[in-house]
Structure formats: structure tokens, C-alpha cells
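Quick one: the structure is below, questions incoming.
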Amino acid sequence: MRLFPKKKAHTIGTSPGSLIFTGVRHLDDPHISIIDYASNNTDEKRMTSVTEAFPYRDKPSVSWINVDGLHDVELIGQLGEFFSIHSLVLEDILNTQHRPKFEDHETYIFLTLKMLHFDVEKRIVQAEQISFVLGQNYLLSFQERTGDVFESVRTRIREHRKRLHNSKADYLLYCLIDAIVDHYYLVLEQIGETIEQLEDEAITNPTEEILSSIQTIKHDLVALRQAVWPLREVINDLLHEDASLLEQSTLLYLRDVYDHVIQVMDTLDGFRDMVAGLFDLYRSAMDQKSNDVMKLLTIIATIFIPLTFIAGIYGMNFNPEVSPWNMPELNWVWGYPAVWGVMVAMTIGMVFYFKRKGWF
Amino acid sequence: MRLFPKKKAHTIGTSPGSLIFTGVRHLDDPHISIIDYASNNTDEKRMTSVTEAFPYRDKPSVSWINVDGLHDVELIGQLGEFFSIHSLVLEDILNTQHRPKFEDHETYIFLTLKMLHFDVEKRIVQAEQISFVLGQNYLLSFQERTGDVFESVRTRIREHRKRLHNSKADYLLYCLIDAIVDHYYLVLEQIGETIEQLEDEAITNPTEEILSSIQTIKHDLVALRQAVWPLREVINDLLHEDASLLEQSTLLYLRDVYDHVIQVMDTLDGFRDMVAGLFDLYRSAMDQKSNDVMKLLTIIATIFIPLTFIAGIYGMNFNPEVSPWNMPELNWVWGYPAVWGVMVAMTIGMVFYFKRKGWF
Amino acid sequence: MRLFPKKKAHTIGTSPGSLIFTGVRHLDDPHISIIDYASNNTDEKRMTSVTEAFPYRDKPSVSWINVDGLHDVELIGQLGEFFSIHSLVLEDILNTQHRPKFEDHETYIFLTLKMLHFDVEKRIVQAEQISFVLGQNYLLSFQERTGDVFESVRTRIREHRKRLHNSKADYLLYCLIDAIVDHYYLVLEQIGETIEQLEDEAITNPTEEILSSIQTIKHDLVALRQAVWPLREVINDLLHEDASLLEQSTLLYLRDVYDHVIQVMDTLDGFRDMVAGLFDLYRSAMDQKSNDVMKLLTIIATIFIPLTFIAGIYGMNFNPEVSPWNMPELNWVWGYPAVWGVMVAMTIGMVFYFKRKGWF
Amino acid sequence: MRLFPKKKAHTIGTSPGSLIFTGVRHLDDPHISIIDYASNNTDEKRMTSVTEAFPYRDKPSVSWINVDGLHDVELIGQLGEFFSIHSLVLEDILNTQHRPKFEDHETYIFLTLKMLHFDVEKRIVQAEQISFVLGQNYLLSFQERTGDVFESVRTRIREHRKRLHNSKADYLLYCLIDAIVDHYYLVLEQIGETIEQLEDEAITNPTEEILSSIQTIKHDLVALRQAVWPLREVINDLLHEDASLLEQSTLLYLRDVYDHVIQVMDTLDGFRDMVAGLFDLYRSAMDQKSNDVMKLLTIIATIFIPLTFIAGIYGMNFNPEVSPWNMPELNWVWGYPAVWGVMVAMTIGMVFYFKRKGWF
Amino acid sequence: MRLFPKKKAHTIGTSPGSLIFTGVRHLDDPHISIIDYASNNTDEKRMTSVTEAFPYRDKPSVSWINVDGLHDVELIGQLGEFFSIHSLVLEDILNTQHRPKFEDHETYIFLTLKMLHFDVEKRIVQAEQISFVLGQNYLLSFQERTGDVFESVRTRIREHRKRLHNSKADYLLYCLIDAIVDHYYLVLEQIGETIEQLEDEAITNPTEEILSSIQTIKHDLVALRQAVWPLREVINDLLHEDASLLEQSTLLYLRDVYDHVIQVMDTLDGFRDMVAGLFDLYRSAMDQKSNDVMKLLTIIATIFIPLTFIAGIYGMNFNPEVSPWNMPELNWVWGYPAVWGVMVAMTIGMVFYFKRKGWF
């Protein structure tokens, strides 16, 4: 997930409402699939052409038309025209760096948000933009690539769960948003584990790679914040703007999702605090290590430098024959053992001194 | 208390309102107990089956039904069905990582919050989720495990205290919330003592364990904040949303609890500041120690390196016989004592220099 | 002033409204004194029993009944009963760790706040709780111990100042609050001086005691903030809640106090910034000192290690008799002076090098 | 872009509404150009005198009169007088350090904002002030110098794009604002890349230039914030103040621009966090390097100081002839090889010790 | 400008509304001067007694009565009485540490704010309090000492500028406020230059004086913030409280001043960020320098310690006559040159090693 949105090469200088795909092309051909269900039957198929989707617009059953791959601008344009979607909305669908957003266009509701995925290996959060257009009895969803977090919802449709089959398309929209937000918890959990791991590593073994990892996690949190923070507003708007397409019962469920988003944000704030502390941890551990290195140097130097000095003294060449004051120690019977004795005594003294200081 | 909520394995992909227990199973069988009291009598018993609790729903006396242990999903479901509790509420009761929350469902009030306990040994805050469902004349409470902070309330019921026995179930709810918040003070006090202890230790003896302890306390505060912060909102909602189940007189008492929660938050903010400063303290003390180590090294080196150099000079083998300029000192009568004199003088000079610099 | 309120041993588990003294007992017996004044006379006396205060309740003159010492719970209870004070209010009066608070009970106003005192020696802010109950023509004040900041107000009453004697009890309340807030300025001034002193000391002489002092001042500010911050709200409530006991003219004066409280908060915020910078100052000065120590070590080592090496060279025992290449210098006529020359030249070179680097 | 606005020499002490140019003179003569278009034709020309612009005021077609260069105060004054622009507005146009601002003057709308440009070489954000005056069917724009971000809009006019040619001047204003905000993305992208680059450099090679670069980027962000933050307000005011000159359909487009500004601000906040962390990164990497240096010193010293001591021992001149205890080793047959053996063993031991500590 | 207001010795314990001067006495006698102007004439004179000012109260022309020096309490009292100014307002005028403030007293408007001056030498911001009382056709201004920022306004009055002479006293008030706020820009510019200068110095030459200067600038910003922050409120109140003394046209100009104050605050916030970063800069540069010192030490030690060891080896006195294994090198023909060769080779190797590490 990029920290800064890329619009440059693509859209700068184009007129507003121009349909231009700003993301990365993840697949060869866009996939269009549909799940259509009413209280007693479910119909699911993969389409080959966008026109196959058109009849579902006016069918009374709930139709979920999902498009994977946004680079086929013409296809999106056709869909948009048939479902009478405003060109600015289509532009937002194609701009994969868009901020989460909600707009009520009377005959349909537009919603864009982020699906998140945490790459445990590289410790990077990846985001995929997903946009919804909710009509009276259809729901269009637009994803950047195949693969999503909706498998459980599909299963529930296939298993003819009562509540889903008896509700309108707005309940389906809720289910999908719920699945996305639920998946945020998984990402948070993985990031939380990574942070705790980094905390342990920072204390026990502060290396340059950990520095990089801390920085990466920090980027992740900034990116996550940018994905989740506006979502709170989006769902709040959903709840309070009196959109006629949302049933009262669905709002109750959406309030639940709102609670979850708030909790995700709380957790993110906690993580921020933790990561801010990681640098302190790292540097404190680094200081600790520097101190240990310096202690070793000081112990060695403090013990041996004086000893070397003493050895140096008796290496001097003053002539004992000239005067009885010139290094008479050299001719003493116990001179050499006495020097050793002094040295050993000094060493023992030093060792005791350092022990008392708690350096060993 | 975990910093990030665990929902992953359990609930991701299930339909909303599904009853799934997300916590850790703390006991073999759930305990259900009831205390039923009216103005003149108290009835207390332990139940063996959930159906024994049903008659109390419609009894005019105040009935407090307490459930310890949430893993028996079926039991909770039965209770929920009999007391007509919404399935989303039941889901929240079973999700032990839920954010504190208040909901007014007309015929009952739902409330979930955290009991806190500070493990002094490990310096970790432990949280247990407790949920309340308040009806006209009953109060259901759901705890994760046996053991709580309500013993004093039970005593007051058993001792037939007038105010309790003359009030409705809402006053009992207040008493329990008050007991929980009162217990927060105990936790704060213990954390406060731990912080002051760490401050002293960080200054006098900065070690790696203290680094870990600081990190642990920081986690505690983040966790505490997440438990207490939403509580403020919860009680504020209780006070201002015109819940018909709450008597005017009880609101007066709840305002008192609100004051306490605000004070707990104030104190938490103070702690945050203190803990943020702990790292600075630690690192400052660490710097101080590094400086002391380096001073010792410098003193030793500065005194002995020049002395060793002098000894080295007179260890040179220039031939005095070749020339009168070659090390004539070696043949001086007072040469050796003179060298000692110079060395002693230099040492004394150095010692004075370091004294004046305040290094001793 | 403690950072965390102590309630534990005393009140946890008691029923709400129980009268329990939570502070430290500062005196043997509580003192009750009264000053009663009307437009033309002043009456002042010390009471021996609480019942002596009762007649003043209904006297039309303004009566200020002051209680020093809160441990005599029974006495407070009697007063409370006679003046019809709610038991929750009495509980708040006795809880000496209470947050500043204002409550309008129709027939009386309740107000609790903190008197502050700065112990210059220990650099600790001490707080004493003071509570007021303002009735139609009486004012009750409750202090933890004897000694307060009201002497100037008493003098003004004794001197029959016109404005005081012509006003109701609410003006007296204003005068007392004003005296308390005025005293905050004194505390701020003393803390400000302490901070500036610490800044100087941190730069010139960063020691461990300064580290402790910084920490103490930080605690002080956190504590002060907790005393002053809620006071703003309290006085704001006084101004805006339409308490019938407060005359319009008194509100004008209270607005002045409000301005002062805001300025106290502004100043506190400034202090916070300054104290946050103290650690940076300390550590920067510490770094400076470490750098100086290391420079000395480096100068000594860089000058003497090469010299010692040269001396070592000519201390080698290669046999000049075996070969003309073996240390011929030893037998040169000017060998020894030449070595000295080289050494002196090297030293001078080094000294110049360090001078140019600005190390001296 | 300066962090502090320069008004000093120019305007201090002048009466309000005086027309004084406060910027830097970028060109010799101001350029005035006009593009005039209606549904079916476009007319574009460069003017030599300001009076040539006057007829366009009352022409029903949309006229965009652009002035490059603001130092010709008289010219601006003439334009202002003819188009009845308030003198305070003209003062704001000439004050090139003005904060982004919107004012509705009934007959015209005044708007001033910043065009941004990132100088990749020097890593400095440059801002140029641009002011708009929107009338019923004309739009005046004032720029500090030639060169802007509007080329794409001009192209669209020249290509007779339907939406532009069928709309009023307010739509043209929107197009220009959109072009400016679109250009912010480009600047953000370049800054984002610079930050990531600095992060890498700070970890691998922390030098003094990087310190300067970090500081420069920090200045950039402060400056950017001051350009973008008020813009949010400006566009919000545009949207909500019921300016009669803005058509409903244009407001829809402006809401889109508002979204973009919000996203720019989000991104800026993210950058702020990143840059705040850059110092930590830098210093952590610096610590790492210091530690490496010290390790090398310690390894060398710890290995050689003891060895040198041993060599020193056997350089002593105790007289073996006086006593059998005086350095008998010197006369041992294997004395010299034994000393080498001890030395090699010690070295190997040390190397192993450092290996185990992970220092190599 | 003091960070903490001084009230202690002066006013604590006095009754409210007592006139007590709390500042420093800057001049011997207060100066009172008046400028009186109507559409066609200007009258300017210096007064010797306060009573000379009285006739101007009811004169229809605009009269600006300026008082320099506030220590003559009696004089201020007389003025206050004649112009019917409330005693609390007079107290605020004399309290030179007052927070900027606006009060509408129906018949007059009271306003107090700060004139700022930056002492470039000492890098200290100095503040002088100025208070205004605006009546129907007079304006009283009270300054602490002679010398102000109003010379340009006086010139405009003397030069009979049309707008001034045709407006009421409220326009004069605006002109003076505008002059004060304009002067803030000058102070900001000087501080901005000081900060940029400190940034450069902190990177290139981090000394203790810079540490002090950073601290001083930090104090300045805190003080500035306390002067400017409330001013925003003050002018906002002026604009929105419907003061009948302010003409609609003047409000338009005041809105301009409001914009300026906002911009001053924006700039201050930017400065805060910059100064907060100064410590980081300083310490990073300090680290850099420490690292350089240590590198030098390490280079010297790493090169010479091994060399000294080798010299030490051949200074040993093992007896070559006892055994062929005892230091046979000493008797080799090329022994001495070979040792030199080894030493030179080692030195070159080391130098290459350090070069490759980039230490030179």
C-alpha cells in the first residue's frame, strides 16, 4: 500500500469525469460473475460479456454483480451507462487510490473502501480497493483483482440462509462490509504479533534489520490509518444520512459494524503508541550494548595499563653501578618475585573493585 | 489483557448474530446463581439448570441472575430466548474482546464493561469482560469466570440494607458498576506504585529487565485506556439517553460514578505522561553510567600512558659510550630517583587536575 | 499531592453515601469557627460544639461557618443533617482526593476545589481539599487542616469593607475562590523559578540529583493539571448554570476569576513544554560532557601512543655487532637527541592539529 | 517558500487597502492574456494594454483574463477599478504571502491559493500565489510569474470540449482549482519518494548532509501544511456559503476537489509522522556506527594490551645472576618459544570470545 | 516577557477592583498626549494634567487620548471615574501581566493586548501591555512606557488622510490594532531568521551556548503563543459580539486583521515544530562529532598498539646464548630492517582498511 496516491502520469490534465484506470493491471481479462437469489432459489454464473448482466437490473430478485479487474475502462463505462451511474462515480471506481467514501445518489448508493491483507513475510500491509453501487435490488461490486474475503458470504447464499434470502440487497451490502471489517481484525492480530516480536528482538538483539522492520511497520500503520480512519466517517454517514435504500433493520446491523470500526481504530492507536516506543526500546538496548563494550575496554585497560607501566619501569637501563640509588631493585634477591607479587595484588584489587561496582 | 482483539479463528465468516464464544474457557461448567430480594426478605441459591432461572423473570421482587462461564453457548442461547434478548446482544456477550458499550432495547438495557485486576508479580493488567442485561425487575450478569469484585454488594444485600432493598433493579446495577469502578482505583494505585518504583530503579540501576518492565507498563496503560475510555461514553449515554428503566434517583448516583470514571481517566493520562518520561529517565541514567565508565578509563589512561612513555624512554638502548649525548641520564647518580620524582609529580598534577574538574 | 487517588482500604465495598473520611488526620480535634456579619456589625467566634452553629442557618446576616479537620465523621454528619445536605455531597466532602466539582442542589450550591502550596525545599506541590456549601445567607467551608489562604478576606470582613458587608453570601464565596486562585499564581511563580533554575543547572552541571528533580517537577505539573483543569469547568458551570443563589453582580466578578484560571492553565501548558525540554537539555549537556571526556582521552592517547612506540623501537635488543643494519642509530653520536627531537616535533604537530580542530 | 511571511519593509505603516506589491519581481513586464469562449467559438489573444480587457466584462461569453506578474501596481489598480473590486481584495492579490482565502462579495467571488512546485534537486517546495476573481461571465486570474499548471485546461478550451463550452465561468474556475490540486499530488509523490530515499540513506550512511536534507524536508512539510490546511476551509466555505455565482452542478464537482484536498492532508499527516521518525532513524544508525567503531577499538586493545604487557615483563632488567629467582625464564632453553606460545594461545582465546559474543 | 505572571507581592489579598499597579515603573512621570481630529482639522498636544483631557469626552470630533506609564494609580483612577470605567476594567489596565481580553460594556469597549518587540542581541521577545477603551468619539490607550508602533498611524492623521478623518473612533482603534499585528510579522521574521541561524550553527558547531539559545527561543515561542493565542479569540469576539460602537465598515477591516492573526498563529505553529527539531539536530550533530573523535582514537590505537607490541617483543631479554631458540632474530643480519618492514606493511594495511571503511 503506497503512502502517497499516484495520479500523475494518468489523470493530471484530463477533464473531470474522464474514465481512466489509475491502478496496476493484475489480470488479463476482467471477470464478471453474478449471484442472483430470491427467497427460494439461488442462481450463480460467470459471464462472458457485460451485456449478460443487464437483465438483472430490473429483476425483482437480489442480484450481486461482481467485477474483478478494473483496467477494461470500456466495460466499466458500459455498465455505468446502463445502470445510470454518474461519471464522477465511475472515475472514483477506477481511481484505485481513492479515499474511502460514501455518496447517496437517490437511486443508488456509492461506497468505496479498502480490503486489507498483511504479507507476513515482508511485513507489509497490502490494500485492494473495492467499490459498491447499491441499487433497489442489485449490488455492483468492483475489485482490482480476483480473490477476496467474501467466500463466507457466498457460502451463506449458497446454503440458502434464511435471513439473507429474506432480505433485500442492502443486507447483502452489510454482509460484505462486515466481512471486510472482520478481516481487518485478522490484519491487526498479525501486526500486533509482529510488533510484540519486534519488541523482544529490539531488546535482546538490536540490529540494522530491526531498524528497517520498525520503519516498515510504521509505514504500515500510517497506511492502515489512512484506510480505516475515513471508513468511520463513511459508516457514520451511512447510518445518519437518511438513505431510502437502507432498511431500518439493516441499520441496526451496520451500527454493529460501526462499533467494530471504532474498536479497530482504538487498536490502531494503541499500536501507534507501541511502535513509537519501539525506537526508544531499540536505542536503549543499543546504549546498553555500547556500555557493555566500553566496560570491557575499561576493565582490560584499567588492569593492564598500570601493570605494563611497572614492567616498563624495570625495563629502564639506569646504571646501577654508578650509584646505589640507580635501580637497586634489579639486584635484589627477591626483586623479580616481588614485582610479580605487586602485579598480582593490583590485579586482584582491580577485580574486586569492578565486582563491587557490579561490572561482572 | 490483549492489545488486539482475537476474532480470527472463531467468528470470521459466520453470519451476524451467530452465537460463538470467543474467549478462553476458564471453568468446566458454567455456574448460575441467583439472589432474589424484596423489601423484607432475601433468597439466594445456586442453580443446576438454566430453567430454574425462568420463574424469576416475572417475579415482582428484584432478581439478580449471575452466570459465570460463557463457553456453554447453548445455555446462553436458552437464557437469551426466554428473556427475549436480541441475537446481536447475545453475540456481544459471548465476544469477550468487546469494547464497553451501552444499548437501550426498550424492554431491557444492555451494558458490557471490563473488570480489571493487576497482577503485581508480572506487572500485567488482566481484564475480565462482564455484561449486564437489566429488565424491569431482574438483572442478568455474565462473567467469564468465577470470582468478582461484587462480594461487598452481596454482603449489603444479605444484611438487608434499607436503600438496596427499597430500590429497583436499576439501583442494583448501579451498585455493581460502582463496585467495578471502585476496583479501578485499586488497580491504578498498584500501577502508580509500580511506576514510582520503576522511576527509582531506572535512575539508580538501569538494566535490561527494567526496560522490559517499562514496556510492560506501557502495554498495560494502552490496554487500560481501551477499557476505560469507552466507559466514559457508556455512562454518559446511560445518563442522557432517557432510558425508562432507570429511575431519577439512580441517575443521581450514576453521575457520581461518572465523576469517578473521569478521575480514573485523568489519572491514566497522568500515568501516560510519567511512563513516557520513564524511557528518558532510563536513557539519561544510562548516559550517566556510560560517562562514569569513560571517566574511569580516561583517568587511568591519562595518568599511566605518559608514565609508561617515560619508562619507555629510559628503556632505550642508545649507547652512552659512543657519545656524551646518548642518554647520559642513565649514568647520573640520582637518575633513577629523579625519574621517579618526575613520575610522582606528574601523577599528583593529574590527580589535582581531575579533582578540579570534579571527576572524583 | 498524590498522583493517584487512594480509596482502597477505606471505601471500596461500602454503600454509596456512606460517610467515611479518606484523608490523613492532621489535627486532634476539628475546629469550628464562625464569622457573622451584616451591613453594620461583625461577629466572630470559635465554637466548642457543632450545635452552636445551628442558629446561624436562619439568621438574615451572612454567616461563614468554617470547619478545620474532617476526620470527625459524626460532626460532619450532624452539620449535614441540620443543613439538609445530600449524603452524596457529604461523602464528597470527606473524600479528600475528589476532583474539583460543582453541583447546584436548588437550596444550596456545592463546590469542592484544591488549595495549593509549594514546598520550595522538596520542590513538591501540596494540595489541600476545600469544600464549600453556599446557602441563602450562610456559607459552610470544610478544610483538611488549620491554616489557609483566607486571612486577607477575614481582614476585609473585620475592617467592615463596604462591598463585602453590603453583599450576600455569594460574594463571600467569590472572595474565597478568588483568594485560592490568587494563591495559584504564587505557586506557579515558585515552580517557574524552580524550572529556570533546573534549566541552568542541567546545562552547567548535569547530575543524578537533577534527574530526580526534573522528575519531581514533572509529577508536580501532572498533579497541578489535575487540580486546575477541572476547576475551569467548575467555574464555567457556575457562570452558565442559572443558579438562583448567585447574584448577577457576583457573576461579573466570577468571570474575572475565570479569566485567571484560564491564565493559570496557559502558564501550566507553557511549563509543561519547558519541562518536556528539560530532559533534552540534560541529555544534550550530558553528551557534551561525554564528548569532552572522550576528547581528553583521545588527545592523551594520540600524543603518547606514537611516542611510546618510538621509545619501544629503541628499546629493542637487536645486536648491532652482528650487522651494520641492526639498529645503527644506537651507536650514532646524536642518536638520542635526534629521537627527542622527533618526539618533540611530533608533539608540537599534534598540538597544532588539535588546536586547529578547536579541541583546546 | 518562506516559513515566515515578509511584510516588513513593504507594508508596515501603510494605511489599509494601499496597493503595494510584496513579492519578488519575476519578469520585466506583466503579461495579460485572454481566452474568450462561448458554445461555438474560442477567441484567444495576448494584450498589450489593460484597457483591451475592459470590453470583455460585459460580453455574454465566458472570458478568462489572466495576468502574469504583479509588480505593476498601477495596472492592477486600473483593472480593479474597472471591475469594481474592493481595495482590500486588491491588497490581498498583491500580498504574495497571503493565506489561502475565500470571500463572497455578492457581485464577484474572491479566492486566493497556492500553486506548488517541488524542486527535486534542492528538495525545496516552491509556492506561487494565484488569486481568482470570478464574476458573472468573466474570471480574472493573477499569477506571480509566467508558467502555470493550466495548460491542460487551455487545451480543453481550444479543443471545444462540450462540458466546458456549455458551462459558465464558475465551471472554468473549478477546472483551474482542480488542476492546481491535481498538481499537489505530483508534489506529494515527489516528496514521498524523497522521504523514502532519505530513510534508506539514513540507515545505511548517516552523514551530515542527510541531517540537512531531513531538516529541509521538515521545512517543506511545514510550508506545505500552511498552504494546504487553509485550502480545506476555503473550499468548504465555497461549498456551503450560498454563493449565487456558483451553479449547483459545479458544486458537485467542487465536492470532488474537496475530497482530494482531504486526501492531500491525510497524506501530509502521514509524511509528518515519517519525517518525525527520520531523526530517530538517523540517530539509531549513528549509534550503530559508533558502536561498531568502539567494538573495533575494544577488540584491538583487548588483544594487544595484555600481549604488550607480557613482552614488557621480559624486557625487565632484573639481574638473574644475583639470585635464581630473578627472571630465570630468560635463561631457559624454551623460554622465548614458550612466551610466543602463551601469546598465540591468548590471542586465539580472545578471538573465540569475541566470536561467541557475535562481534565479528 | 515572563513566562509566569507576577501578582504575588502586589495584589494577593486585596479586594477585587482595587487599583494596584503590578508592572515595572519605566518612567518618572506618566505622559498624557492627545490627538483630536475631525474631517478638516487636526489638533495635537501634550498635557500636563489629567483634567485637560476631560473636555474631549463630549467633543464630537475623534479624540485619541494616550497615557504612557501606568504607575500613577491616582491619575488612572481619575480618568476612569470621569469616563465612567468599571473598577474591574481599571484593575485589568494596571495588571500588566493580563491575558489579551475584550469586553463590551455597552457605553464603551475594553480591549487589552500585547505589543511585541524582539531584542535581536539577547534573542528575547519583550512584551508591553496596551489597553484600549473605545467610547462614542474618543479612544483611550494605556501603555507601560513611551515608545510604540503607532508612529505611522499618527503620520496618517497628521497628513489628513481621507478615510481616517471621515471615520469614527472605531476606525482609529482598528488602525492601531492593525499596526500592532503588523509589528508581529516583524518579530516573527526576526525569530524565523534566528531559528534558521541556529539550525545552521547546531549542525556545524554544536556548543553549549547554542543549547542556551535554543532554550531561549523555546521560551520566546511559549511566551509569544500566550500573547497571540488569546488575541484570536479577542478579535473573533469583536467581530461577532454585536458591539454597537463598531461600524459595519470597520468590521470588514477587522476581519482582515483576524486573517493576519490566524496567519501569525500558523507561523508560530510552524516555528514550534522547527524548534522542537532543533534539539534533535543539536544532538545528532553532537553524536556525529563524538563519532569523529572516537574514530580518530580508534585509528591511532589500532595502528600503534600492534606496532608497540612488536617493538616490545624485541625488547625482551631472553638469553640467545643459552639456546638457539631464544630470540635468534636479534642476531640476524637483516633482523632490524625486517622488523621495520613488517611494521610499515602493517601500517599500510591498516590505512587501506580504514580508507575502505570510509574513515578518512
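Letters A, B, C, D and E name the chains as they come in the text, with residue numbers starting at 1 for each one.
In this section, a contact is a pair of C-beta atoms (placed from the backbone, for glycine too) under 8 Å apart; a residue touches a chain by one contact, two chains touch by 3 or more.
Since the structure is predicted, the reported quantities are computational estimates derived from the model, not experimental observations.
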Shared interface partners, meaning chains that touch chain A and chain D: none
Centroid spacing, where centroids are CA-atom means, of chain B and chain C in whole angstrom: 26
Rounded Å distance, chain B centre to chain D centre (Cα mean): 42
Chain B residues counted as touching two or more neighbouring chains: 283, 287, 290, 294, 297, 301, 305, 308, 312, 315-317, 327
Circular arrangement of chains, read from chain A onward through chain B: A, B, C, E, D
Footprint of chain B on chain A - complex, ascending: 151-152, 155-156, 161, 163-164, 174-175, 178-179, 182-183, 185-186, 188-189, 191-192, 199, 203, 252-253, 256, 259, 262-263, 266-267, 270-271, 273-274, 277, 280-281, 283-285, 287-288, 290-291, 294-295, 297-298, 301-302, 305-306, 308-309, 312-313, 315-319, 322-323, 325-327
Residue numbers on chain B that touch chain A, as the complex places them: 2-8, 11-17, 88, 98-99, 101, 208, 211-212, 215, 218-219, 222-223, 225-226, 229-230, 279, 282-283, 286-287, 289-290, 293-294, 296-297, 300-301, 304-305, 307-308, 311-312, 314-317, 327, 329-337, 339
